[in-house]
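After this come two complexes, each holding chain A, first together with chain B and then together with chain C.
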Partner chain A sequence: MHHAVVDRWSSGHSLLHARDGRVKVLVCLGFLAAVATTPRLTALYAAGYGLAALAAVMVARLPLGALLVRAAVVLPFSGTFALVSLLAGDSPRAVALLAKSYLSAVAVLILVGSTPLPTILRSLERLRAPRLVVLVVQFLYRYLFVISEQAQHMRLAALSRGGWRFRSAAGAIAVLFARSYARAEGVHRAMLARGFQGHLTLLAPVRADWRDGLLLAGGWALIAFLRWGLEGVWSR
Partner chain B sequence: MEPLIEVRGLRFRYPDGTLALDGVDFVLRPGETVALLGPNGSGKTTFVLHLNGLLAGEGLVTVCGLPVAKPNLPAVRRKVGVVFQDADEQLFMPTVLEDVCYGPLNLGLSPEEARAAAEWALAQVGIAHARDKAPYHLSAGEKRRVALAGVLAMRPEILVLDEPGTFLDPPGRRALVEVLSGLPQAKLIVTHDVWFARALATRAVFFEQGRIVCDGLLEVVLVHYCWDLSARSGTVLDSGG
Partner chain C sequence: MHIPDGFLSAPVWLSLDAAALSLVGYLARQAQRESGEAWAPRLGVLGAFVFAAQMINFPVGVGTSGHLVGSALLALVLGPAAAAVVMTAILALQALIFQDGGVLALGANVVNMALAGVLAGYLPFRWWGAGRFRQFAIFLGGFFSVLAAALLAIAELRLSGVPIPAPVLWITLGLFTVTATLEGIITVAVVRGRDRLGLGLAPQPGARYARGLAVVGLACALLAVLGGLAASRHPDVLEKLLERLGLATSRGSQ
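Coming up: the complex of A and B.
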């Protein structure tokens, strides 16, 4: 199944994979906050953030090309807003919007590609993220695959009966919803039958050591430098 | 001997109005293996879902003396292990080992204990070699075994299997029968597969329109309801030849 690409990445081995999930979540959040709050994302900032992300990709030994392509999935969304800015005559803002959203997507992909999702969820739980949010993400993640698989099956069935046209696709979405719903109920039932009581317990306990501390301190220091120090150093 | 499962006057109506169970009485004793037979839509799966409280109808259901009610659900679900018809619905963790650990961890076992229970269960069903694989990369037969291991790891006293033979090729079914017949638990097997039922059960109950209409020796039930495909097609061939 091709949906498992990010899952496969996250089960790899590297210096970054081995780090505590909470630390990675915190560093990633720091990065997102820095990128989002940079007032004018000039080429200098973009290069700084981009290089930092590139370094993380290298350390995590993730496939750079595939990751960059996947991160582009956010562009249609931010592109809509960028277009509005562009039409309003503010082209630097339009570029900054695209660059910020793209950099953020890359950062999140690095996190998700170097940390199995159950670990991320457990880390969020430990970091006192609202339980409901964690649960919603957990089920979204599980059922996303259910729905995509169901859609693949229906597409094959339609193809084998002679076609997959736009109109049949539109009708199929309704059926897909009903079927996915039924299937999701089945999954939920199976989880309850094995004693599910509202949260996922992890096999490997969350444990941090000095290397995780180093990553947190180093990561945040680098991000802070990129956000507040880089421009000053550069213009000197 | 005190029954493992006792059901009295169980009735259940789905929200859409369908009466799925219409007064079911049933008793399962330790060491028994019972085949649940009956046409599609006769209430077999609905019945099974009441045994660990996934559905709740009117009437009495007790498991090992415990009434199946909300406060008892964790204990009941530990005693009754259900292996669902579609293994894909059951397997959802990234690796086989983690999936099999899921139940034991929910029971409150420590990660080490859960891992030990999972390794034991995987060995029981003969699939320890796949422990680090992703469940969706396994064959149908392997998935079925992992699903079974996920339930065995919780050390249930009663095993409920819903159509365990579906999607399996003949060698896969034979292997599954071997695994199941080696397990000491009492078993309830929902199946249309007469060969499968014969290989494991001596007693059978027959469901029809939400009731158990016959309860007795498997062979007697099979003959009474002409439920044996091979016997019937044999007569057809004879008369044709």
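Coming up: the complex of A and C.
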């Protein structure tokens, strides 16, 4: 794992990539809330939400197959609970658990696939998420791959020295901790030396225009229709 | 156990999101007051460490392995406020980038692992960490951090009406007891490794936290109790399951 694939997706260009991060976050949250609060997720609802998500994938020009496969990481967990629900005689709930968790994962992937993480984080900060947490996520993501790689190297080294046992794993984590701590000190000092005062600056300023307003209004209107209007229109 | 979206009912995820947002906001201000905002890079790197450490497998017995969760270890090294902030950051990143846990369910996962997990990991060490029972206190911290998080997750699922029949519940609890024991042992082993390298643990924070800690602890206990009540209100789930199984066997014998 050298690189999260969503980083490549989010650096692309499309109508959806160009929209304001806050708007995309809000529309995504609206979609998630609609899916989560749909009482019985029938095939009609699933088709409505699914088509809306598909349209977003098309507009953002994201690789559909790869995205659907990636979203499937939620299925082992929901599959287990779906199976239990099925055995307990609640098959609608079993279907709803699978469909809801999968649709939600797809929606989040569309958000992070069309918006670089720093932009999402800045948007969350503007939407009043705790600032220290947002900053910590930012640095965590910056150093995640660096330290994971170091961990892999240490594992390889221990293996080639003749074995990977409980003690060597614990020792490796202790050493990794010490190295991370030292790196953290260094990074901290370097940031202070560069005048870091507790927030990061984006190259492109966050500014919403009429297209962002259109996406917010249109997106929420569509979601509200799918949630409350679709069944009535269909049955008429 | 990262709860994905679509599992929790609206009252549960809404109230837990609100609780998590306000509590983490409070703890973030505490951590900031302690060390200033410029501390963020350091916390981020340590979060990345926990993330990487979660990928290191610990061989246990034949063919099985566990991994570190890390909330107790972070609580011991950073103190509870900063540890809760780092765990929240880890969970947020897992939900956004790795689809491990839902975005609406983030509040629930934060309450389980970043608040209750850190608190349960920290309290034994705070009470008994100085004396003869230091190793045991560290073990208990690791053990309870995992168990508390698991119990809360189960309580939240049951409150949301997700059926967890008794046999499944006992198997799940058994498995979590095993992982909790592992977490305790791994935490002790890593702290021992740190001792050998001559690195200390967190300076004991003053009594300022006491009220915040008590509030979080009480709220979590209340939630677990509510989950238990919800469980006893729907005893029919088990009967339904047995009925089904009975049906299946009688059909098979025909």
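Keep in mind that, in the parts below, the second predicted complex is superposed on the first by the 170 of 236 C-alpha atoms of A that agree within 3 Å, B and C clash if a C-alpha of one lies under 4 Å from a C-alpha of the other, contacts with A are read in each partner's own complex, and residues count from 1 in each chain.
Please note the rule applied: a residue touches a chain if its C-beta (ideal position, glycine included) is under 8 Å from a C-beta of that chain, and two chains touch if they have at least 3 such contacts.
Keep in mind it's a predicted model, so treat the numbers as computed, not measured.
Residue contacts after overlaying the shared chain place A:Arg194 against chain B, while chain C stays out of touching range. Of the two partners chain B and chain C, more chain A residues are in touch with C. Contact with both chain B and chain C is seen for A:Arg183 once the two complexes are overlaid on the shared chain. In the overlay built on the shared chain, the residue A:Ser11 is in contact with chain B alone; chain C does not reach it. In the superposition on chain A, A:Asp209 contacts neither chain B nor chain C. Of the two partner chains, chain B is the only one that A:Pro118 touches; chain C does not reach it. The intersection of chain A residues touching chain B with those touching chain C, taken from the two complexes, comprises 4, 117, 142, 183, 187, 191-192, 196-197.
Considering their complex, residues 2, 4-8, 10, 13, 21, 24-25, 28-29, 31-32, 36-49, 51-53, 55-60, 68, 73, 77, 85-86, 88-90, 92-93, 95-100, 102-104, 157, 161-165, 168, 186, 189-190, 192-194, 196-197, 199, 237, 240-241, 243-245 of chain C touch chain A. Residues of chain B touching chain A in their complex: 49, 52, 54, 74, 77-78, 81-82, 84, 86, 88-90, 92-95, 97-98, 101-103, 105-107, 111, 114-115, 134, 136, 150-151, 154. For chain A in complex with chain B, the touching residues are 1, 4, 7-8, 10-11, 116-118, 142, 149, 183, 186-187, 189-197, 201-205. Residues of chain A that touch chain C in their complex: 4, 6, 28-29, 32-33, 35-37, 70-71, 73-74, 77-78, 81, 84-85, 87-90, 93, 96-97, 99-101, 103-105, 108-109, 111-112, 117, 120, 129-133, 135-144, 146-148, 150-151, 155, 164-167, 169-178, 180-181, 183-185, 187-188, 191-192, 196-199.
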